[in-house]
Amino acid sequence: MTSVAEGVGVTATELLTVVASRELAGRHTVFAGIGLPTLAVSLASMTTEPNLEIVYESGVCGAHPSHLPETIADSVLITGAEAVLSMPVLFGYVLQGGHIDVGFLGAAQIDRWGNLNSSVIGPWENPKVRLPGSGGAVEVAANSKEVFVVMRRHDARTFVESLDFCTSPGPDRALAEGGRVRGAGVTKVVTELGILTRSGVHDELKLSAVHEGVSVDHVLANTGWDLKVAEDLRVTPAPTAEELRLLRTEIDPRRVYLR
Amino acid sequence: MTSVAEGVGVTATELLTVVASRELAGRHTVFAGIGLPTLAVSLASMTTEPNLEIVYESGVCGAHPSHLPETIADSVLITGAEAVLSMPVLFGYVLQGGHIDVGFLGAAQIDRWGNLNSSVIGPWENPKVRLPGSGGAVEVAANSKEVFVVMRRHDARTFVESLDFCTSPGPDRALAEGGRVRGAGVTKVVTELGILTRSGVHDELKLSAVHEGVSVDHVLANTGWDLKVAEDLRVTPAPTAEELRLLRTEIDPRRVYLR
Amino acid sequence: MTIQASATPPKAAPTTKDKTLSMKEAISRYVHDGDVVAIEGFTHAIPTAAGHEIIRQRRKNLTLVRMTADIVADQMLAGGCIATLVSSFVGNSSAGSLGEIRRRIERADPEPLDYQEYSHYGMICRYLAGAQRLPFYPLRSYFGSDLPRIQQGMRKVTSPFPDDDGAFEEIYVVPPINPDVAIVHAQRADRSGNVQMWGLTGIQAEAVFSAKRAIVVVEEVVDDDVIRADPNRTVIPALAVDAVVECPGATHPSFSQGYSDRDNDFYRAWSGISGDKTLLSAWMEEWIYGTADHTEYLAKLGSSTLSRLGVGQALSGRINYGTRLEPALDADDHVKESK
Amino acid sequence: MTIQASATPPKAAPTTKDKTLSMKEAISRYVHDGDVVAIEGFTHAIPTAAGHEIIRQRRKNLTLVRMTADIVADQMLAGGCIATLVSSFVGNSSAGSLGEIRRRIERADPEPLDYQEYSHYGMICRYLAGAQRLPFYPLRSYFGSDLPRIQQGMRKVTSPFPDDDGAFEEIYVVPPINPDVAIVHAQRADRSGNVQMWGLTGIQAEAVFSAKRAIVVVEEVVDDDVIRADPNRTVIPALAVDAVVECPGATHPSFSQGYSDRDNDFYRAWSGISGDKTLLSAWMEEWIYGTADHTEYLAKLGSSTLSRLGVGQALSGRINYGTRLEPALDADDHVKESK
């Protein structure tokens, strides 16, 4: 693979997608929503991990859609799929049953331990903003072997010292309450500025890579806690020409999600 | 309906079937096995209760078999059925969910409270005879609105003062252990000698009818406990000509189960 | 010769119960003020038309139970029907926001909403407990979450069985949901209520089994033979169903696999409509109060929209359920063939 | 124009995993001495051939988990494979008795059997707990029964939620089953292990999900297209399956809906065979040790028996999964058609 001129014409979404796809090497079963995670899984299945399988929260396994799906429940995901599962089977047998290697999540707020808030901004009882809530995020966080988080916006209001509300806890909070822990919790956070990583229980998120042209100071200034920086901090390798070609011409040529 | 000459040519199975079918008037959903209970349901649906629906322990609802089924899982019960349910749905949602009016059970031993033994003769740890065990009988007993028991053999070894082992308890034993009670337990026992009935919690089985030609003393001598006799004890009305015609010519003309 | 090879079939109980009702009748008969109403369908097969009829009949003080509280929930709130919302996701799918729900929760405008927040699997387990008439259902969620702090329906139980280390694990449990009525949508049913559904089947069967009464809205009421040709396709058996309502297109703007596609334009437009109280009020007047029933609603939607949402054909294969090959019948067949 | 109307499909991950194995390979690789082995199939679709291969490979000290311990269990006991039996029904269906199981339990002949007695729903709940990786599963059985007295796997838990009277209900719970390997049978699967099953589906999906490894025996391995034409027919998705074994007729003497019927003559004969140790031993020698694999077993059974068990055709209908009608593609189609 040849490298393209760094960053030239590469959008934030393309970069995030490429970075996320590389992190999927070695994983097999991914629980993800539509949009960037789907693009990342598609790209990974063409590059680093041909055996990758995506399971949608709607219950679809082994989708072979005729059109780019617009939601996790798009009718084109069902026609031609390998299996459609009921909710009790999907959440109970597949996810809680321990079959998911990587769960993709988004959130309005994240803290240094990878705890996530998708419920409210402000106090729960009297919120400034009512967000969608957990959906399956609590379950994805509790039961996936590891969790990848994609956060487009990286600033001190999203990367916070203290969550307004903890919807989906990482393993450290679960342990503190006496719970059993099954997975590592959030291990990767991919943002517009760089990559944060965390090895698992008792570890906190560290800055492990910054994207081309982004300074460490800029990341630290936009993180609401005293973010640690990995000793082997890298600059995110730029997308290769082949990665961009696949994304732009094979996966999402009409830029539905790359917009 | 005209009455046939009492007992002439009427087999024990025919009599038991007819008696059981009459008791189904007013009930809608029956959980039953193959054999006499199926015949009774078929007969009832042609006489006293056209809306009767039978649910088989194998998961079949609304069977329309092309041939007389030999087991509760016979392939002819599935082809043409209205629904086939998985075991968790059948036992969890339908039976424990409270949708069964009458459950049919058999047993090796029964006591005065309608408690049933289908596990062992002798001590459980070192049985003289190992019987099949509960199957779904514990659940049928606990969750049906009422239970009908058909016992071909009526003697002091089957109608016992004290069970060798209580596999499927009635509500009184359940209450004594602090359990919640949902149904009446055994309300009818149809035997080769007569009919025993019980109104529900805290009531014991009473002899409510003897078949033509059977004396009360004979029943009492063949019951292992001090059986009470109903004040309005009847002689079981003989099968009508129409009931026998339906059984013999429409339901089981080859006498597969009527044998 | 085997026994079954020569026996004549017993007659099965006739399917005499006709449970078909119009939407108006079904809502009028089975949904009452103050009821707990579960309306399910996870993005797919949402019985929106039933929600509209509840609004038209001006039901009040309902508790709406719905995993994904989306457009139909926002509409029912706007119609003043809902006092309590039990849900695990409040959002207009991936297409934007729900104006009425947000105003109710964020500003108690026009009145407060009792909002009961769960997670998806928490809701699923509540339905599972409800369907099985259990006092609780265990799940591996909530340790470390703030949800149990604001939600009385998440409590801990200690397992009575030791694990490999001899310890007795604690686990969260949720209580059952037993709605007064559940409303779901499916592709087809017979008149007695054997329901066949394909595509995403979600939590619909559990919602129906958990409820005291159940209304199933279908694209088509079909002949008994259609159902009986494929009994494994029956997701909900008749014994759990109280009313069958034939209402083609009842899911708009959501979709019905193999019948109509999702109206993404409508989803995208809803944020704008519901975000503005005047627009929302006008929309409700025009599309719900201003239509007598779903037939009028669809007519108003118009043929160009409906044809845009039409779908093509991708047929399943056929499977063989098999028949018993009976010597006696074979002999008869030979006789027939030789005639 | 809607977004999806003009987008090109993303490529899905290719289905490259071929999990097909011969029965010999599958048993050799996935069933080990001392394992907990679940073999399910409730009268229908019992993978008897897998039990026979376990006997041929002389596995020892297994714990057999099987709701209805019937002929295949009796045979595996006679083969000396089983030390512990976990079951809710020990009987030869409605056709008689199981000689070997009864000798083992009643007379410890030739050796004692550790027999763990449950009820059907108790077993179902143990699989449900296993599939969901729960420490226990609640059920409304066992109050007043003697079973909890002889069975450590039935214990009580108090609900943390008050009932309508403010009381906290006690309820029995059972522990999970998590077999080392589950073996089930189905009509068909693709090479990667998407399993389609019809007729009685029993507890097979839960058995597979509860297990650490899973072998699915099928009548036919089919092309991917067959499976993908009807995704709702997939009862077990590939992610839960380790091995797919194509073995037509593997269920004899039980049946496989639409493929072969039940051999009732064999069921009736089994009481006599298994009731007599000499007859049983001769039968095992002739039919199991004396056959190299299931192909030889079926050949020995003979064509007249196999044709007696053949079934006729009762085809399901076809349903429409639908396709998206896309203007852009329509335009292309017109171009193609006009060429």
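Should a chain be cited, it is by its letter among A, B, C and D, assigned in written order, with residues numbered from 1 in that chain.
Assume contacts are C-beta pairs under 8 Å (C-beta built on N, C-alpha and C of every residue); 3 or more make two chains touch, one makes a residue touch a chain.
As the structure is a computational prediction, the values presented were derived from the model and not from experiment.
For the pair subunit A and subunit D, the distance between mean C-alpha positions equals 36 Å.
Centre-to-centre, using mean CA coordinates, subunit A is 58 Å away from subunit B. Separation between the centroids of subunit C and subunit D, computed from CA atoms only, is 30 Å.
Within subunit C, contacts with two or more other chains are made by residues 3-4, 133-134, 139-140, 169, 198-199, 201, 205-206, 229, 232, 257, 261, 264, 311, 314, 321-324.
Annotation for subunit A: residues touching 2 or more other chains are 60, 70, 74-75, 78-80, 84, 92, 96.
Arrangement of the chains shown, judged by which pairs touch: an irregular graph that fits none of the line, ring, star or complete shapes.
Pairwise chain contacts in this structure: A-C, A-D, B-C, B-D, C-D. Residues 29, 38-39, 41-42, 45-46, 50-55, 60-70, 74-76, 78-85, 89, 92-94, 96-99, 250-254, 256 of subunit B are the ones touching subunit C in the complex. Listed in rising order, the residues of subunit C touching subunit B in the complex are 3-17, 131-134, 190, 192, 194, 205-206, 209, 224, 227-229, 231-232, 234, 237-240, 321-324, 326. For subunit D in complex with subunit C, the residues that touch the partner chain are 2-4, 133-140, 153, 155-161, 163, 169, 171, 173, 175, 187, 196, 198-199, 201, 226, 229-230, 232-233, 257-259, 261, 264-265, 308, 310-325.
Residue ranges on subunit B touching subunit D, taken from their complex, read 33-35, 57-60, 70-75, 78-80, 84, 86-88, 91-92, 95-96, 115, 119, 124-125, 127-130, 132-139, 142-143, 165-180, 182. Contact residues on subunit D toward subunit B in their complex (touch as defined above): 42-44, 67-68, 87-91, 93-94, 101-102, 105-106, 117-122, 124, 128, 139-147, 150, 169-170, 198-203, 205-206, 255, 257, 261-262, 264, 311, 314.
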